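Below, each structure is written out as structure tokens.
After this come two complexes, each holding chain A, first together with chain B and then together with chain C.
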Partner chain A sequence: MVIYALRRLGTALAVAWLATSAAFVVLRVVPGDAVDATLARAGASEEELAVRRAALGLADPLWQQYAVYVHRAVQGDLGRSLITGQSVTEMIGQQLGATVTLALGALALGIALGTLLGLAGGLGPGTWPGNLAEALASLALSTPVYWTATLAIYLFTVVLGILPGTGGDGFRHLILPVMVLGFHTAGSIAQVTARSIRQTTAQGFVQTARAKGLPERLVVDHILRVGLLPIVAVVALQVGFLLGGTVITETIFVRRGLGRLLLTAINNRDFPVIQGVVTLTALTYSLVNALADVVYTLVDPRVRGEA
Partner chain B sequence: MGVNGVRHGRLCLALLLLAGVVLLSVLAPWLATHDPRRAVPADQFAPPSGEHLFGTDLLGRDVFSRTLYGGRRTLGVAALTALIALLPGLLIGMAAGYGGRWLDTSLMMVMDALLAFPSLILALALIAVLGNGVVQVALAVGMAGIPAYARVTRAAVLEARALPFVEAARALGARPMAILWRHIAPTVAPPLLAFAGVTLSWAILNGAALTFLGFGGDIAAPDWGIMLADARASFRIAPWVALAPGVALSVTVYAINLLAGVLAEHPANR
Partner chain C sequence: MLSRAPSRRRVPASVGVLGGLVLALCLVIAVVVGFALRDDRDSAGDGNRIVYGLTLNPSGFDPHIHVSNELGIPFFSVYDTLVYRHPQTMDFVPGLAERWEMSSDGLNWTFTLKRNVKFHDGTPFNAQAVAANLDRITNPELASGKARALLGPYTGYTVVDDYTITLHFSEPYAPLLDGLSQVYLGMASPKALQEYSKNTYQWHQVGTGPYMLKEIVPGDHIILRRNPDYAWGPVFYAEATGQSVDTIEFRFYEDPATRSLALESGEVQVIGELLPTDAELLLGNTQLRIFRVPIPGLPQQFFFNLKRAPTDDVAVRKALLHATNRTAIVDAVFQGQSPVAHGPLTAVTPFYDPAVETLYPFDPAFAQSLLQGAGWSDSDGDGIWDKDGEPLRLTMVFASWNQTPDVAQLIQSQWRDIGIEVELIRVPDFPTLRDYAQRGDFNLIAFYDFGVDASLLNRFYMTDAPNNWSGLSDPELDGWLQEAVRQVDPQTRAALYQSAQERIMEQAAVLPIRDYVNLVGTTARLDGVIYSAQGWWPLLRNLQLVR
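Now for the complex of A and B:
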């Protein structure tokens, strides 16, 4: 078991390393770097551009840049912004807290709401709570985050005037973004939970339990023990949705965070910053998924034999 | 109403909504009441009326006409995006699932590395490389969708390969390409079609997200993502500017999800 866990985490690290190496190569072979974006636009001469490139190490061969990058990255140094000259690690550190708070809040709400809707939809298909739950789940899956956010700001800030809409850092400013992102995170969780519970209900052991006259309360207990397991996997996948969703949410609610940092970097073609944020995202996402696999084998004895 | 009745009802609703959305977009030049790009500053933020069915925006452009034309651009980009994701995904998945162990391991290693990025983040990283524009958005979002479709295709092919009649065909000495085409392709078609639907709705949402974030090129173009981005600045005084493009996006994605759901419940997929 421990060996499996270690091997799974090792694979995740290897995959993340492969992914960031690919990103490194792709982000550097394109024509037009930040030197073009800033100096050339300001009308600098070709020689000045070359001097600046050499100073930033952009003129070295690719393998040399990569070796330097890896050597520094393992020491926690992700390079410097081509625009401001600030350390990328420092820039990420300044924005990380805001994004983590938003993502964790939305994840907690998404798991709670998604499980609740999934239970209602899975245990009572055809009843009104079941239908309502399914309708809400498909609403969460078909409406874009950037639209529900607009509607939420209009309703809670403009019409009702009870919550602040955009800007700000405080707790009250966190409520609406967390609600919006959490609602959308709940969609897939609800859908997967409902489907899993319906499939479990149709299985032999549930029919046996009912046939031998077990009280319905205990039958439901039987169903939930098996039917709720896939939540682990879907939650891990939803972390990927959340990491992308924070970019959009931060833009609409005008919040600080990694998403804003990434968008600004893309517009400035500030590749070290893009690389830093993307690397961190890939690492987080791979580790979360590896962790989910390990947790899954812990809670479900059936897959332990295969692992 | 039995299970089949419910499924039939869903299928009809999904096809009806989709046909409506596609027809409205295709017929935009005949149905639109105004030029979708023409700004009339005097008409700024006119509420919905007989003259402007869905009102006007900050520049006095007709929201109804922009929504109709927006469907052409948004859905066109989404269709291109889905193609860019599906065709290579299908080929890679088939090759990995049927091409032997070495090919499988190496192809899937690359796909897994790409899957380490959340899809929207991968699309954003690609747009940083490709630059702004509609075609770039389709390329970025589409390429970000390749690994997921390759994985699903590979899984379906591996499952089909183990079926008794495929083994029988192989035992009888049928050529690999013939087995792939005559036995495996029809078996894997239903689940792959259902996942193609999921890919399309995902292409619409992520593509519109990138145009919403300002990477879709021409910012005056009628496009649902651009309209929602414009609405950010003005929905507090003129809420109608955000209504039509948002409803249009949601209805389209809802219809495609519904269709994908019905396909996934197809008897062949159980």
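Now for the complex of A and C:
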């Protein structure tokens, strides 16, 4: 078990390293750098741009830039912003709390709402709660976050005036973004849960249980034990959706956070900042998924032997 | 393992799951209710307080280093500049300098400074302070993006006495006062500059202006507090009253659709760059006011590529200008809230030449006759002009800001009507746009910038200019533009810029669309909403919040 966990951890680190390297390469393939985004726009001459590039190390050969980056990153130094000169670790530190709060809130709501909708849809297909649950799950999956977000601000802030919509980092300001992002997180969780429960229901052991006259309450109990297991995996996958969703949510609700930090950095081609956020995101995502795998083996005795 | 199984089965899974769910939902509800009842920091009033919505999140805030227009919205009021432009007359009026004088050869400018001016940290303002600022801005280590360029051919200074300083230049430089009136050359406290490094000063800025920087939380907000000692403002600054705004919080509304919602719900009291459609709707709301703030500089426009067929032919470019119904574009995309642009400068820019207004009226028939005259015909009868077997097909490149995609689509359909095909290429950001420009991979490309002094044209139309994306090369035009920077006499400059604007339009190097207008929405309780000569920067000093 410990060996399995360690192996998963190793894979997670490798994935993070690959993601960072991919970001490193892609950033240098797309046109433009931080000097283009700022100085060139202000009308500086080619010579001035060249001087600035050299000073920032952007004129060094690519392998050298990469070697310096990896060397520093291993020591925990993610470099400095090419625009503000601020340390990337410090910049991430300033924004991390806001994003984690939003993501965790949305995840909690997403799991609760998603499981509830999934249970209703899976256990009662054709009944009105089942249909309603399916419809809500489809809505969550098929509408974009910015649409729901704008609608939510209009309804709760402009028309009803009961919740603050944009700006502010107080807890009241967290409610709407968490509701919107949580609703969309619930979509996949609900669908996977419903499908898994329907599949489980169709399985032999459930038919056997029903055939031998087990009370329906206990049959449902059997179904849930097996049918709810995939939630662990889908929740881990939803962390990926959340990391993307926070970018849009933060922008629309005018919240601080990593998503907006990343967006600004991309527009300015602020390579160290983008790489820092990508590394952190990739690390989080692969660690959560490694953790999910480990949890899965713990809760599902069938997988335990294989691990 | 088997022995553990029975103990687990004691509680049915459904009870566990549902119990967990109910618990989680209760928790969410409890948190929501708990915090809903809690008073937010935001609703706690501390004097007269407003929230000002900024429209982008500047990457850096130090005016000496960074280049964005947006940073001036808060910091134009944190700093004073040596001179100001009067917002109504555009004339130069005293700022921290009470008078100035240029030597007869134009190489030395002597500034006599106001006395009894203090920085927010108590440091006295004097000639040494100006010197410290000039030292900082011209230090290559600082890598100034704009401030240094505004000083032009500056070579150094001489401190004559405590309140007199002379700036030296290698050649006469007419745009100096314009540069000195911008926030990028705002005067910072020498003590603060010494105390913080070039990277950290931006979080601790200290000026002499009517507002003091209290707090910057990157990506979240900036808070300014009124400077109670301020008594040295330019003539157009109002006196402080009981209704002056004590605290201003700036937040970043990057999503255009959210801006009007924030204004309607009272979360911001001022916000700029409203969508034209939203501004139109808000006009009916008596709780709000909409201001149309014209911005001097270049209009929203497309440069023609003079080095790539078919726009290398001036007849084609002229035909395209005549084929564009700009009034229809302004009405449809900008709800008629911006003036139609006719030349390389907007109408509110000093030295603007109204003669350009009659050059290219919308006249599709004439456009077609121009094409015919240039050897184009529809030989294959497909409804598209062609010449030597090549159809009249153009590539138009633009970024998604300022409703340019909508403008481009309208142009596409207008030109389609007279047999010209346009391929639209939408790029995500400025570096990508610049990449297209450098590769010359376009016939039309959307790019412009803002500024009061007409020398802005030099950056875009001189043969060797870094932003000469059209590839225009006209030695006579280069000569006029260069001379206009050296000539300090306004009448001489006006004549040179008149020639320059007419030449640029005769060459049809640019397709102007509309004069840029910032659509600002405010609560109706706010008085004194006035913007600086540069257009973007509010005079925070003049704001009055009527209770």
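The rule is simple: the second predicted complex is superposed on the first by the 303 of 307 C-alpha atoms of A that agree within 3 Å, B and C clash if a C-alpha of one lies under 4 Å from a C-alpha of the other, contacts with A are read in each partner's own complex, and residues count from 1 in each chain.
Keep in mind that, in the parts below, a residue touches a chain if its C-beta (ideal position, glycine included) is under 8 Å from a C-beta of that chain, and two chains touch if they have at least 3 such contacts.
Note that the structure is predicted; figures quoted are calculated from it, not measured.
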Side-by-side fit of chain B and chain C on chain A, or clash: clash
Contacts of A:127 with chain B and chain C, given as first, second, both or neither: neither
First (chain B), second (chain C), both or neither touched by A:208: neither
Partner chain in contact with A:252 - chain B first, chain C second, else both or neither: both
Partner touching more residues of chain A, whether chain B or chain C: C
Chain B versus chain C as contact partner of A:143, first or second or both or neither: first
First, second, both or neither for A:158, with chain B first and chain C second: both
First (chain B), second (chain C), both or neither touched by A:64: neither
Touched partner set for A:262, first chain B, second chain C, both or neither: first
Segment of chain C that clashes with chain B, given the candidates 81-89, 315-323 or 333-341: 333-341
Those residues of chain A which chain B touches in one complex and chain C touches in the other: 30, 32, 146, 150, 153-154, 158, 251-252, 263, 265-266, 269
Of all residues in chain A, those that touch chain B in their complex: 15-16, 18-19, 22-23, 26-27, 30, 32, 138-139, 141-147, 150-151, 153-154, 158, 239-241, 243-245, 247-248, 251-252, 262-263, 265-266, 269, 271, 274, 278, 281-282, 285-286
Touching residues (chain side chain A, partner chain C) in the complex: 30-33, 36-46, 51-52, 55, 80-81, 83-86, 91, 94-95, 98, 105, 108-109, 111-113, 115-116, 119, 146, 150, 153-154, 157-158, 161, 163-175, 217-218, 220-222, 224-225, 228, 251-257, 260-261, 263-270, 301
Contacting residues of chain B [partner chain A, same complex]: 109, 112-114, 116-121, 124-129, 131, 201, 205, 208-209, 212-213, 215, 228-229, 231-232, 235-236, 239, 242, 245-246, 249-251, 253-254, 257-258
In the complex with chain A, residue positions of chain C that touch it: 1, 12-14, 17, 21, 24-25, 27-28, 31-32, 35-36, 38, 40-42, 51, 53, 57, 59-60, 66-67, 140, 143, 145-146, 149, 198-199, 202, 217-221, 251-255, 257-258, 261-262, 264-265, 267-268, 429-432, 434-435, 449, 459, 465-467
